[in-house]
Each structure stands twice: as structure tokens, then as C-alpha cells.
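Residue numbering begins at 1 within each chain, and the chains themselves are lettered A, B, C, D, E and F in the order written.
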Amino acid sequence: MRGLIVGRFQPFHKGHLEAIKFILSECDDLIVIIAASQQSHLPANPFTAGERYDMIHQSLVDELSDITRVIIVPANDIKDNGLWVAHILRLVPKFDIVYSNNPLIRYLFAQGGKETRQTPLFERKEYSAAHIRKLIWEGNDGWKKLVPKSVVKIIEEIDGVKRLQIINATDEHQEKS
Amino acid sequence: MRGLIVGRFQPFHKGHLEAIKFILSECDDLIVIIAASQQSHLPANPFTAGERYDMIHQSLVDELSDITRVIIVPANDIKDNGLWVAHILRLVPKFDIVYSNNPLIRYLFAQGGKETRQTPLFERKEYSAAHIRKLIWEGNDGWKKLVPKSVVKIIEEIDGVKRLQIINATDEHQEKS
Amino acid sequence: MRGLIVGRFQPFHKGHLEAIKFILSECDDLIVIIAASQQSHLPANPFTAGERYDMIHQSLVDELSDITRVIIVPANDIKDNGLWVAHILRLVPKFDIVYSNNPLIRYLFAQGGKETRQTPLFERKEYSAAHIRKLIWEGNDGWKKLVPKSVVKIIEEIDGVKRLQIINATDEHQEKS
Amino acid sequence: MRGLIVGRFQPFHKGHLEAIKFILSECDDLIVIIAASQQSHLPANPFTAGERYDMIHQSLVDELSDITRVIIVPANDIKDNGLWVAHILRLVPKFDIVYSNNPLIRYLFAQGGKETRQTPLFERKEYSAAHIRKLIWEGNDGWKKLVPKSVVKIIEEIDGVKRLQIINATDEHQEKS
Amino acid sequence: MRGLIVGRFQPFHKGHLEAIKFILSECDDLIVIIAASQQSHLPANPFTAGERYDMIHQSLVDELSDITRVIIVPANDIKDNGLWVAHILRLVPKFDIVYSNNPLIRYLFAQGGKETRQTPLFERKEYSAAHIRKLIWEGNDGWKKLVPKSVVKIIEEIDGVKRLQIINATDEHQEKS
Amino acid sequence: MRGLIVGRFQPFHKGHLEAIKFILSECDDLIVIIAASQQSHLPANPFTAGERYDMIHQSLVDELSDITRVIIVPANDIKDNGLWVAHILRLVPKFDIVYSNNPLIRYLFAQGGKETRQTPLFERKEYSAAHIRKLIWEGNDGWKKLVPKSVVKIIEEIDGVKRLQIINATDEHQEKS
């Protein structure tokens, strides 16, 4: 039995990691979709798909005994909810169950004939990507406890704190104007 | 003489129906454009183009003596106002007059050389698609009096009340995240 | 029971008309998809979606007793066969059976869970859109017998013979170069 | 040495002109990118790329002794910050230095290996395109002192005041609905 | 009176230059559209829009007494002939006459209400971009006499001969496979 | 040191497998790009990205001792060679060397500052995806010896022989017409 989980992972945090471990306790394999792969350098989407792939891959290498059970696939966003499930279905190997705490994602996959489940709420308030991005651009090191060690390392290597501060300092209307 | 009316019809309501009847009292034929055909499952655009086509088609079969006078055409949104009129012009048969209460639509078609007119304000406050969507997701059955009977039937068949509630329960930032 | 037929209708000819009549003898309703709606002014796709809509609509008004049984929907081509069926499904009202003599279309819809059927071969060699386009640009009036009267009228109104000759005189490599 | 400056120029104003003069005091040549070239008839982007090209070109013909030192290039927005610099790089002749007061633009070009600089703050509060657009749609003629004479003339020729008022009168949610 | 000429300029050659001089003998100003601006590194489109801009700009600086009479604008190809003229119209300043020896371009602009003219046949067989590309990849230096000096210099600077040979050596089916 | 290899893998065959083993003898890690991920159900691109991911993943699980050294990433084709390298760079984790026997790919990555290398010619005539596709649609079982066992199994599970025969039986001009 193969599960599927969808996230933007901006950035990948310990709540995501716990969800993945939970799913692997229920399923043989898991597909991790990196959603909105073409978005980066934006306040809500600061990291590229490649950086997010790295965060997930490194963290799973560190934390899982058998990484061959997990498949990571970046998926670009097609801005068309009526096609979105079909877009995912043809992009990844077959799967059985979609895990999501997002009601719309469960609804869309259920309409597409898939079984859907929720994951337990590891995702406490601190385990929120929006909260973590806010800590980062405010210069509050608290974010480092909320993400796996490899994610700290990757964000530091790409000077991600500076990137988030620049993105947030840039008034939206000014953006590329 | 052929008229044209543009709407997203999310959903099709009695104000739309009255506008269509009014135009048919002035024109021989009418083209109804279902705008933003690629959008669905969003708070402001919950229904697919196919569902909206069905709503309009069924309502007109019920209400008009001669449905051959009306042509319904879904049009995807091209996010480029400078091309939008040309996009519509090549997608539909020839027409003479654009009916719209939206000043920008009238401006764009007028720049494209078309005569434009407004429709009388059947569209009272209740006859507003935004108001109707709000009633639906609040579980207030008042919306059923504001749309043609066929629209009630179609929304019930697709379990549309549940769909709108799910779409609205999904925090925008969480969407597919 | 509702059927669906897909075509580019470049142009709409008597073979298409016979196929529609045949399907209406088996189904209550029919959806006619005008495929590749965004293509025009090309050797294999000379007519706009609006012109093709007009051809089909006028011919059916002339030939059918009850045009309310037919729904015509232009669909842009999304260049992605793995999404194509999902693209059509959300664009049109519900349907039961796909009629096509194209094996790939039948295969794709069958994979999408739809019943598919073929239509009898009204589409003799002369009833071929490619053959008709060739007659038109060669200046051979023989094409006029192969399409419904309304199509002759529409092609003449838009000076379609001249358009096809210009398109064909334009060396492909020169195109917009 | 060739500089590059990026702007939406909605509209081109005296602050932009001063920035261009400043850069030409430091560089031999200058490329002016008209960003978001496909956007027009929107509150923050009322003018087409062609109109903006005209504004810049006319103003520079009036104000510069040698217009051959300036290259103007419209660039469509690709909604993908990770590709944006590569998109600009292949669209224009080679350049050495990017001038921008937008931190994100400087960051993206710096990541792409380009030297970046800021321009002095000619761009006082009045020399802001947003402020000028507001004056225009409020019917306050004060905007005419903030833009070059040629820009006044072009906006009057296209009846730009009326256009901005229509765009702003159009409730966003109603837009093309 | 302002003329407009459209070309891919792969590469810009002396036939193009003669056509521009001819148009400037009839018009006050000229807009030069670099078509298919997003295409490069392909057998029929080896050069980027920026490289082609450079070729045209440098050649005109060398050859014309007053380069302010010429506006060069790259335009991406939108693969939709029914929208193509509208796409160009909103991208460039106003113009009066389209010069082209391509019947389809003249037809499309004439349908859009523009006057169209042909240019005399400077474009002898040798003055053909396809012929010049062939000479380049065959290693025949004959191409150097067919293009302006600045174009020779630019192609040499970017090692264009090697690029064309690589592009042609790459079997199409292998392309990025 | 991390390598990168690009392929469409239509289908994944033993030549591809040998190339991967060779690169892993030179590099610590390898990124495998599944190019043209949005294409499927076409004569040269019959399999979906998901099916191709499965072929590669299963074969590597069977054949490699340590699959954590390989990262597989589907990438959609952006039809713009001038942006293609930037598109790949932001989609995947960092890498050092591009392995390819395609001169254009090596050229584009070299221009992007990457080291490029060729792989030895395991890819004999039989180890060609085009040859294998031809064997499949001709009903010649010889293809089964040219691909890893897992690929045989996957193609049989999806009834791939039938799919290829249908795709090839469908005259191109008829496609979705």
C-alpha cells in the first residue's frame, strides 16, 4: 500500500517529518509531492524546488532506516483546481491513499476516486511553515528548533535568512517594478 | 442583431436570467460567455465550466420558448486585458452589441469597435452571485429562491453546498500546501 | 443518455452532419466539442473557433428538428494527452458515451472510465476535411457539394477561399518570419 | 560599460528620467526594461507596453542629446522568480551593471552574477507611479507636473484619465464577471 | 507616418538592411519586430532575442544617419494566429503601415485594419536567412558577405559558427532526450 | 561530487542503466532528470512521467546496492532552450557534472557554467528507445531483452504494447480531430 502527501514545504519542518513517519507506519511506501515547484523568492514561497528537495531528502536520509520507501516528486502548480488531481496522477507512480489535513485536497482527490486520510496533529502552532518563515525574517533563531538539522544546514548554506529578509523588505507592489 | 453578455455565473441566478430575457427583447440572438472557464473549486469560482453550462442551458430550456436564439460559449481567462477582446472575438460567431454593467468590459469592447449597452438593474443586492455563494456556505437555504429551479437541482446533484463549505473552510494560505 | 463527439471541424462537412444524426438516433442529447479552439489561419486549421461554431450551429438549425438536443462547446488544446480527458470532463455537462473513429481518443476516454463507440463510415474519402481544404485552396468548387449549405455561405462570407490560398501560399518556414 | 534598469513605468515619470540620466553619467549605454509587458487595463498597470514604450522613447528623444545610448526592451512577466533573471538575460544585449532600488531585483541579479547598484533618491514621494496614478483617477491635475511633457501628451491622446477612472470604478471582484 | 516590419532575423542580413532603408525612404519612423523572441538554440532559430537585438541595433548605428527613427521590439510568439495581430498592437507604439513579403502577415494585419505593403526583392536567394544559416554550419565563410559587418562581429564573439554546428549535429529526436 | 543525467526514458532501457552505473562509478550521487514530463500518449513519448519514474525507480531498487545515491526528478519541458538550463538548475539539488551524449545539452550546460562529460557507448543500436518503441508496436517481443525486468513488468501491467499500437495506428493529422 502506497500513500501520498502533498506540501509546499516552505520550509520542511519537524511536523512534516512526523507526518511522514506516521504515514510510513500505515503504508509500505510514500510519495511526497513538492507542490508549487515553480515558485520561489516570494514571501510565502521563498525556497526553490531544488532547495526543498534537498531539505526533504537530507532529513529523510538522517531520520529513516530505509529511504527507498519514499519517493519525492516536485510538481508545478497549474492554477486549475479542476485539473489538479489529474496533473498529479500522471506525474507519479501509482498510489492508494492521500494523507492531508487540507479539506480541499481531500475533497479533490476523493472526487478523483482516491481514499483520503488525515494525519494526527503533530502540526502544532509552532510546526507551521508560516510561523517558521516569520521567525526567520525577524532574525529569531527559534526556527532552528522547529526544523530538522539538515534543514538548518541547508538554509544556512544558501544564506536563507538574508533571502527571507530581502523578500520581506521588498514591498509587494514594488516587486520587479 | 446579435447581443453578447459575459459572466462567470458562479452560480447562474435569476438576475442573470432577467438580463438574458431583456437582451432577447432587444436582439434576435444572444451569445452568453462563461468567463474564466478554467477556474473552479475556489471561493469566488466554485463551479466548473461544465456545471455552469448545465445551469444556464437547463434554465433557458425551462424559461425560453426558443432556445435556438441563445449560444453559450465557455471562454478561458487569458490574464491579459489588452488581448481579452480579441480572444473573445475569435472564439464566438459574429455579434453586434455587448451588454454589460461592468464599466471595464464596456470600455474594452468599445475600444475594439463594438457598441455597448447596460442592462436594467434586475441585479438587486440579493441577485448577486457573491451573496448567493455566501448564503450557500453559511447553510442558509435562502439561496434557493434566488436561482432558477434547474440551478437548485444541479447544485444539489453535485452536492454543491458541501463543496462550497469545504472550499471556504480551507484557509487560502493552506491551499494545496 | 448523452453522447459526445470531438472534432476540429476544419471545416464542418456532411460526414460530420451524418455522424451527428446517427448519434442522435442512439442518444437523447449530444455534446459537440470544437477541438483546438485557439488554432486558426494555419494550413490544417484555417478557421477560427467562432467560424466553426457558426458552421455547426447554422447547419444544425437547418437540419435538425430539435436543436436543444445538441450542445456545442469550443475547447482549447492543452498539448498534454495525459490531461486532455480531464480537461474536457470539467468543461462540459455530464455525458455517457464518446463517439469517435479515432483510436487514441477512444483509448484516452476509455482510460477515463467512459464508454466509447465508433460511428458508421459516412466519412468516405470525399467527406474528409483535409480533402475539402485541398479542393478549396486549389480553386475547385467541388467542395461545395461536400459541406452543408450554411457552411458554403459562411465560407463565402468570410472570403474563406482566399484565406486558404494565402495560408497555403505562405511557405511554412516564412511564417511570421 | 552598459547599465540596465527595470521598471513597469506605469506611467514613466520625472523620477525615472532622473535615474536614467544618472546612470548615463556612470555608463556608456543603458538598457531600459519595460517589465510586465503583457499587463494593462489594471489599477496598478493601466497602460499597455506600447504606450509605455512611447512615453519613454518620446521623453528620451526630448531630453537626451544622444538617444542611441539607450535601448528600450519590453519584457513579459513569467511569474517565476527563479527563472526571471535568465529570462531577461536572453532577451537583451549584454550588460554589466543592474541599477535598482528594489532589494529583490538586486538580490536576484547578484545571484545571477551581475554587479548591482542603487540610484540616488530622485524618487521622492511625489515621484512615485502609484501616487501619480492616484492623482490621475482622482481628477487632480497635479500629476502633469510629475511626468515629462511627452507623457502628458500621450496620456491625453489615449484619454488615459478616463481609462484610469473606469478601471478604478470597476470593482475588482466584478472584473470581467 | 510610421511603418512596421516583422522578422525573426536569424540572423539579420543585408536584405533586411535594404528593406529597412527602403521603408525609411517612405516613412518617417519604423518599428522592427523581432518575432519568436523566446526561441533560440534551434536549427531555424539559433540566436537569442538579445543577440538578434544587438545585430540589428549595431548594424543600424553603423548604417543610418539617424537611428532615432527606428524602434526595435522583441515579441514572443503566442502560437495563436487569431490573436497575433492584437498581441503586436498592444506591444508597440502606434504605426500606420505594415511592410511584409509574407502573404499571411499582410492578410492578418489587413484583417486588423492596417494598410500593408511589400518591399522590393532585395531578398535575393543569397539574402535568405535559411541560406546563411546553412553556409554557417557547413563552415563556408560565404555568409560573411551576406550580413552587415556588425553581425559578423557579433556571431564571432558568441562563437556562433560552433553553436550552429552543434545544434545541427544534434539529431532532432535526440534533442534533450 | 554529484552528477546529473537527462533523458526522456521512453522507455528506460539497459543502456540507460549502464550509463547510470558508469556515472555512479565516477560520482558520489546522481540526479536523473525525466525530461518532457508533461508529454505522454504520443508516438515518441508514449509513457507518462509517473510510469517512467516507476520504471527507473524499480530498476534501480533491483540493480543498485544503495539507491539513496540516486535522485529522480521529473521536469516539464518549457520549449525555450534559452531558459532550459535555468529551469533545471532551480528544480533540483546542487550538482557538479552533467553527463550527456547529446551535444546541445552539453553546450547549454557548459554555457551555464557546468562541467560536462560523455558516457561510454553502452547505447548500442539496440539500446535505443526509438528502436525499442518500434519493436513494441510491431509486436516483436525482442524489446523485452533490451530493458530491465521491472520495465517489462510495468509495461505489461499498463498494457503498454496495446497503447503503443493504438498511438501508432492513429494518423497524426487525425489526432484528436
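In the analysis below, contacts are C-beta pairs under 8 Å (C-beta built on N, C-alpha and C of every residue); 3 or more make two chains touch, one makes a residue touch a chain.
All figures in this text were calculated on a predicted structure; none of them were measured in a lab.
Visitor: Starting from the defined contact criterion, work out which chains touch chain D and chain F both, please.
Guide: Output, common partners of chain D and chain F: A, E.
Visitor: Touching both chain B and chain D, which chains are there?
Guide: A, E
Visitor: Treat touching chains as neighbours: how many steps, at the fewest, connect chain B to chain F?
Guide: Contact-graph shortest path, chain B to chain F, evaluates to 2.
Visitor: Starting from the mean Cα coordinates of chain C and chain E, work out the distance between those two points in Å.
Guide: A distance of 36 Å separates the two centres.
Visitor: Where the CA atoms of chain D average out and where those of chain E average out, how many Å apart are those spots?
Guide: 26
Visitor: Would you give the residues of chain A that are in contact with at least 2 other chains, written as numbers and ranges?
Guide: 40, 48, 82-83, 90
Visitor: Identify every two-chain combination in which the chains touch.
Guide: All touching pairs, sorted by chain label, are A-B, A-C, A-D, A-F, B-C, B-D, B-E, C-E, C-F, D-E, D-F, E-F.
Visitor: So in the complex, which bits of chain D are touching chain F?
Guide: It comes out as residues 82-83, 85-87, 90.
Visitor: Provide the residue numbers of chain E that touch chain F in the complex, in ascending order.
Guide: Residues 38-42, 48, 163, 166-167, 169-170, 173-177 of chain E touch chain F in their complex.
Visitor: Of all residues in chain F, which touch chain A in the complex?
Guide: Checking each residue of chain F against chain A gives 37, 40, 48-51, 53-54, 57, 61, 67-68, 71-74, 76, 89-94.
Visitor: Can you name the residues of chain D that touch chain A in the complex?
Guide: 6-8, 10, 35-36, 44, 77, 79-84, 102-105, 107-108, 129-130
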